[in-house]
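Just below sit the structures, each encoded as structure tokens.
Common to both upcoming complexes is subunit A, partnered first by subunit B, then by subunit C.
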Partner chain A sequence: MRWRHLDRSLLLWLLAAGVLVALVANPIARLLWTSVQGTGGLTLDNYVTAFSRWRYVEALGNSLILGLSVGALCAVFGVPMAWAVSRTDMPGKGLVWIAVLGTFIVPNYLSAVAWILLAGPNAGWLNRSWTALTGAAAGPFNIYSMPGLVLVVAASSFPYMFVFTRSALDLISSEMEDAATTLGAGLWRTTLRVTLPLTLPAILAAFIVAFLEAIAIFGAPALIALPGRFQVVTTMLWQFFEFPPKVEVAAAYAMPLLAITVLLFWLQQRIIARKGYIALTGKGGERRMVRLGRWRWVVLGYCVFVTSLSFFLPMLVVLQAAFAKAWGRGFSLDNLTLHNLRFVLVDQPLTRAATVHTFVYGGVAAVLALVLALAIAYIVRRGLVPYGRVLSYVAMAPFVIPGIVLAIGFYASYTSPPLVLYGTAWILILAFTTRFLPIAYANSDAALRSINPELEDAVRILGGGRLLALRRVVGPLLKRGLAGAFILVFIPATRELSSAIFLCTAGTQVLAVLLFDKSDEGNFEYLSAIGLILVAGTVAMVLAGFRLVGRDFMLRRTAT
Partner chain B sequence: MRQVLALVVTAALAIAVPVWSNAWAFDGEKELYEAAKKEKQFTWYTAHYDSETAAAVCNGFEKKYAGIKCEYVRTTAQVAYQRVSQDMKAGLAVASVFSSTDTSHYGHMKKDGWLQPYKPKNLGELIDGFKAYNDPDHLFVATAAGLVLITYNTSVVSEKDAPKKWTDLLDPKWKGKISIGHPGFSGYVGTWVVQMRKSYGWDYFKKLEVNKPRIGRSINDTVTMLNARESWVAAGPSATTLISKDKGNPLALVYPEDGAILMISPSAILKNAPAPNTAKLFMEYLLGKECNDIMVKFRQDPVNKTVKVPAGMKSVAEVKTIRPTYDEIDKGIPEVKEMFRDTFGI
Partner chain C sequence: MSKLVLTGVGCRFGDVAAVDDLSLAMVSGEFVSLLGPSGCGKTTTLRMIAGLLHPTSGTITMDGAVISSPGSSLPPEKRNMSMIFQSYAIWPNMTVAENVGFGLEIRRFSRADIRARVDQILEVVHLGHLRDRYPSELSGGQQQRVALARAIVVQPAVLLLDEPLSNLDANLREEMRYEIRRLHDEFHITTVYVTHDQAEAMVTSDRIAVMNQGRIEQVDAPRTLYARPRTRFVAGFIGRTNFLDGEVHGDKVVFDHFTIPRARFPEAGSLHGRVSFSLRPQSIHLHRVQVPQRSLGADEGACVIAGRVVQRAYLGEHWDYAVRPLDSALQLRVTARPHEVFEVNESVWLELDPGQLAHIHDKVAHPG
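Let's turn to the complex of A and B:
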């Protein structure tokens, strides 16, 4: 009897749930399955091979050191900056914000190229300035080392720490600080004993995000660690794919990485759950800026220092190298040329195709991710399917899967029958969709949370179906929030390297992989030219986004 | 009168016939070109030369045979082989011509049935000494030659101090100043490592590690390291170093006393080539005069016997060269890849 009253849209929701599970669960299941495959059936031999050589275990250790150091350095960079921007009267906040945004846009491998030009042990600009100024035999900076890699990755990742901490600080009203001041505490004591501890959950959560990012990153380590003679897990996985590809061993080797990320993500969720800080509670309380007096110039200096390391210096050398005949010859006028851009755009047939592919695949992936995320968020919020909460975990699951591991899973799933997607654009688009689904989901969820079900119920009482309610009522309300979410998926998708590296073929190249491939000849002028094209394209899209959505789209995680 | 006319006509024919028949350089070129034009474009996986030279070779082909686009993908040899293997395994037809610097790749590809035979009409133009490197069943043909030798930056190293033979690189005065590629990527470097192991044993590399060389991926990386003065001496490629020197960079070559490594690199047409006629035309082009004229401009050693080596470089015939055998390369490169990783940690 109940079947007649069943909303026809239920089929749609079941389809969405099915697509989600297939998209996310299939690669991971395949990965697990592949890791225990041997010539004679199920075996643990792959795990033995993967961890028998000291080199392989050392790489795992290096990844952990990298992750911890990057997390710590991000905190050192990001927390003071967030405090300065959120709670003090430091001047130049707009400039700092733009620099942080710029850091977010520049991909980590381009940052690595820039830092090689800056801190290469014999030829880097910083070292050359040092020897010129002090007359020493050699400069002190060597980018081809673990500290060098930590610096590059932290400089690239600290925006997360900045944004998390700043969001948390924005919500703290000044009442607590007033109470401390009334009781006699000075500025520093108040800040260190009252303000910052309130934001500790946010800082810890950001530390974990930075750690996860650092151990999963591929581009910067491939450019810096290899000449530096050490490996991390991601470069080791890449090595397993050299001919003949040992996919089974790679799958086995990727398991500890997956286990660590799952564990830490669970930990992070526990920390955040205690203090919900996503939506504004509107609880009132005034937030006053702390007056720093002369100290505000010191604080600004620190912010400029950090953003120089992460944005200004790298972009400067990239610009110089992109327009230089030989970057080593320096900033002279006779070193200027358009040849690099010309070669990259005209003489190299792959660049134009790669540019088109990059933005098309990124766009399609962003749309798909958003549609799927919205459907799943709706299902979960409205309880349309039994056990709907499980779907939200599945939607967030790709967050814990390092990009390169996801790529191996996709490679294992879709290069042999029944579904062969290798060599087509779809394997890349689906990999990007899966990889960035969590971002889309988190945003869709937040956006939907602010819409009261009453609106849809009103439509249904008046005779319209659920789909009509979605189309005519909910959709228009969500537009602004979704445009922001689109850009948040689109930008990372256009510069994604770690998941694209195994899935690209000559016909489906993207700029990130092209840049990385070209790095084997060490021709930094061409690399900088390609990187410049990527950054310019992304900036153009972001500016378009600002115009469509308004200033707020990346600042707050609230809905319209 | 008739005799004069006959003389004039004969003379005219004697001049006109050779001129007329040179419009098409080899028998059947016109038909091949017409067939290739229908295919419109082809993809070429190459590890020969560097990106600029590959671009120039491609442009030359497009100029000579209007209406056909040449798309090259230049990577190191092992990466090229990995790509073509992945394509084959997934049943994809992407590339039509494959050019690697690791000769052992061709033996494997022949065994796996990935190549299609073609005997180029221009085969007669190939330098006789290189013909030994061709496949007897016409599955692959030598189309590029070069040398691995010692290179250095003249602004920091004088000619007197420069290393004269391979064992000179082990001298402690070069500590932290040497640049090499990686045999796990580059066919040139793989062959060099196999040869050094053959001449001096693996101890050579254990001692080289004491000098902490800068290890890149492609052998062309050594040129950028020298230019940037990140390194002072290198085990580098003759061609790319010379092109860079032509551009005004302070580089120089040393033809080692114990022998430069002779690299003869073949090309082949893939069995599932999407553009087989263009591929055949391209193979003719690689052996022909126009291509080799372009190649010597980019300081490659020509493979066409009519093209002369330009001033400022020695041809491979004038220099003492050494080279491992095919079997030594076939067995050796996979072995030295692992040993290299163990010795140098990367």
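Let's turn to the complex of A and C:
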């Protein structure tokens, strides 16, 4: 009689929980384990090696300088723009919005390629314009430097600052500002003393995100810092993997990066959770736009300047290079060619395969992440296994692991028996799945939250099991939300470089890695063509997302 | 139609006992309401009967077989029950006909059979013309009828309703009460109905179980429940009432500045020490002149007490008076017909029938 009482779908839930733990916990555990492995058993030698050379410590310092500078520059870029779009009558807000979205879409390594074209010593467009205008012997810009790297990374990360600040500003009612105005404060004083302090927690949170992004990033530093002869943590980690790979030292060296990230994310959550200070009631009340008068053209000018650095100029030179016989010959009809695109997409088997890999791996990873995330979110929401909440933390954990660190964990886990995945596509797919699982989880959870559990109870009481309820009711209702989530995972998975770079092998190249590998050859026309394919793929997905889910779906990712 | 028995059922969430040692036996085809304020455990009880929650103590049996116990519970899909949810839980991705036919589909009825049964039940709930609509195109009342049809069409052993009318407007709610009772009279399905609305429970039920703080205070037919409430909570929750506290002295029950002969109470034999009674406002009548002496102190008829009107309100359908017996601290609420007009401060005579004074057994152990 008792067997009738057993809910057989329980096995499925336990399986999902098992897969999750294996996927997330195994690489992290192996990373920690590997970092204390020596020839004669447990040892701290790896840590000694990793932090005893000045070169290695200097790279750590450089990463901190990079992170702090990028955070600050992001604030300089993003905060005024957010204020202009949210609170003023500045014209051209639609243009600014598109440019910010465009910045999200351009991968940081493509942005680095573009800035090499723009501000490379001597040959860069900006330097050539300078010499042409002033008659000077050499241009003033050198992108292969720390300021150059800061500019490139900040230009591609400032949308976080913009989005965070803007959503905070959107919640401040004009009444709060009016209260200051009626007491005799002018516009500037009100903005500086009331509006800005109210958004400070959001700015601080965005600063942390930008900082973490900057220290975890691999592509831009690899393209700019290495030729500029300086190192940051991520490029250092990459060098530990040059033959023969020193995985143990790399694991030890990755620990500060991991620790800082976990700590700062914790801090950021604390800041966001302090609602009392922010006084963002959500009701907002009536909001009026600040009238800028003639100043609005100045403000618009600033927005155009920032988005030119982040989007318009980089895209312009990438497009030019992708369709040029030689990018240095400039904009002219006889310089136009489709050869680069055709070469990448059709002629060269290696790049052709990489294109296919990129979208197939990304797609498979997105599906896997979504299925797993949905199962876990369902288990947690419906309380199907004891201690379900722990599972939700595990699913969100990759969010605080830099991609490059996760990749080292995957490398350590799956290059030796019992499970050898290195060299196959699966190690990439599983790494992407794990890395972007939090995006899938946050979206699945939000989608599930909108479904009244009584809809499933109704299926069950009429005689259908849980799985039938999922198939016939929950599934169809989640379709739209999950389509959006799929795109949000698919996009970063197709562009992922920092974890792919450690896990790719000759047979499993993806476009991002190919672009990085080809950068040695200095053939910027091909690099631009590869980048353009990635951007085009992303744009197509984003447009599909708009159609399916609505205009704000890209921003949900950052809202979590 | 099935016999449903709950024995000592309890459900704890952490330190909180949502339901505590609850017992209830229902006969086949009976309609029982669980009535109580929010948080009294009535929905928890219903969900345990459905198998959506597991009891932490006690057992639930259906036709003699244990379906729920702390060790293991038969999953809801194997109980052959139906449930109507507070949110209706109409599946928005299916049409009316698909919603109603879903349970039949699971029971592997033939397509033609499903169609026939769905059409038939939709006629019963007056929705035949909406069979191919999607739920978002229906009004609240129509969605409610879809939920009813979907639950009944499978001819469940037990029908469970969880505050099914709480999202409807007042007029529709009144109409649906009668609809639910009509359907019960037609199909005779054993039914458990959860509500916090006493009028709903009164209209629909054979018996009402009044719940408070996870326990059943009293289970009785609606008339008994109203006329003879056994606890202060039940008396106060079902309708409005006056509480009279007194003490037994020999052959008299002494109240605040008036007495009533003990022999006049229906439960005279069991009265001793301090006693409390509930007296409905409708059971008291007001007179301008003293009613003939024959009733005073006699063994038959009403008691008459002198008093003064302290407050009044005209509510259209009736008068609401507050009257204070002479020298007493007590204030009695009295309902009078619209033409029975008395002024504030006017001296009046209160006529009350001791037979309608319901003895409150608050110290008595819970029944069942």
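One rule holds in what follows: the second predicted complex is superposed on the first by the 487 of 560 C-alpha atoms of A that agree within 3 Å, B and C clash if a C-alpha of one lies under 4 Å from a C-alpha of the other, contacts with A are read in each partner's own complex, and residues count from 1 in each chain.
We adopt the following convention: a contact is a pair of C-beta atoms (placed from the backbone, for glycine too) under 8 Å apart; a residue touches a chain by one contact, two chains touch by 3 or more.
Here the structure is a predicted model, which is why all the values come from computation and not from measurement.
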Would you sort A:G40 into first (subunit B), second (subunit C), both or neither based on which partner it touches?
-> neither
Return first, second, both or neither, reflecting whether A:V473 touches subunit B, subunit C, both chains, or no partner chain.
-> second
Which superposed partner A:D457 touches (first subunit B, second subunit C, both, neither) = second
Subunit A contact check, subunit B vs subunit C, more residues touched by chain B
Between subunit B (first) and subunit C (second), which does A:V420 come into contact with in this model arrangement: first, second, both, or neither?
-> first
Is A:G465 in contact with subunit B, with subunit C, with both, or with neither (first, second, both, neither)?
-> second
Which positions of subunit A touch subunit B when the two form their complex?
-> 55, 120-123, 226-227, 229-231, 239, 241-245, 325-328, 343, 347-350, 415-416, 420, 422-423, 505-507, 517-524, 526
For the complex, which residues does subunit A have touching subunit C?
-> 2, 4-7, 452, 454-455, 457-465, 468, 472-473, 476-477
Under the touch definition given earlier, write down the residues of subunit C that touch subunit A in their complex.
-> 50-52, 72-83, 85-87, 89, 91-93, 102-103, 106-107, 150-151, 154, 160
Please give the residue numbers of subunit B that touch subunit A in the complex, ascending.
-> 43, 45, 50-52, 55, 58-59, 69-73, 75-76, 78-79, 81-83, 85-87, 89-92, 94-95, 184-185, 214-218, 220-221, 223-225, 227-231, 247, 249, 341-342, 344-346
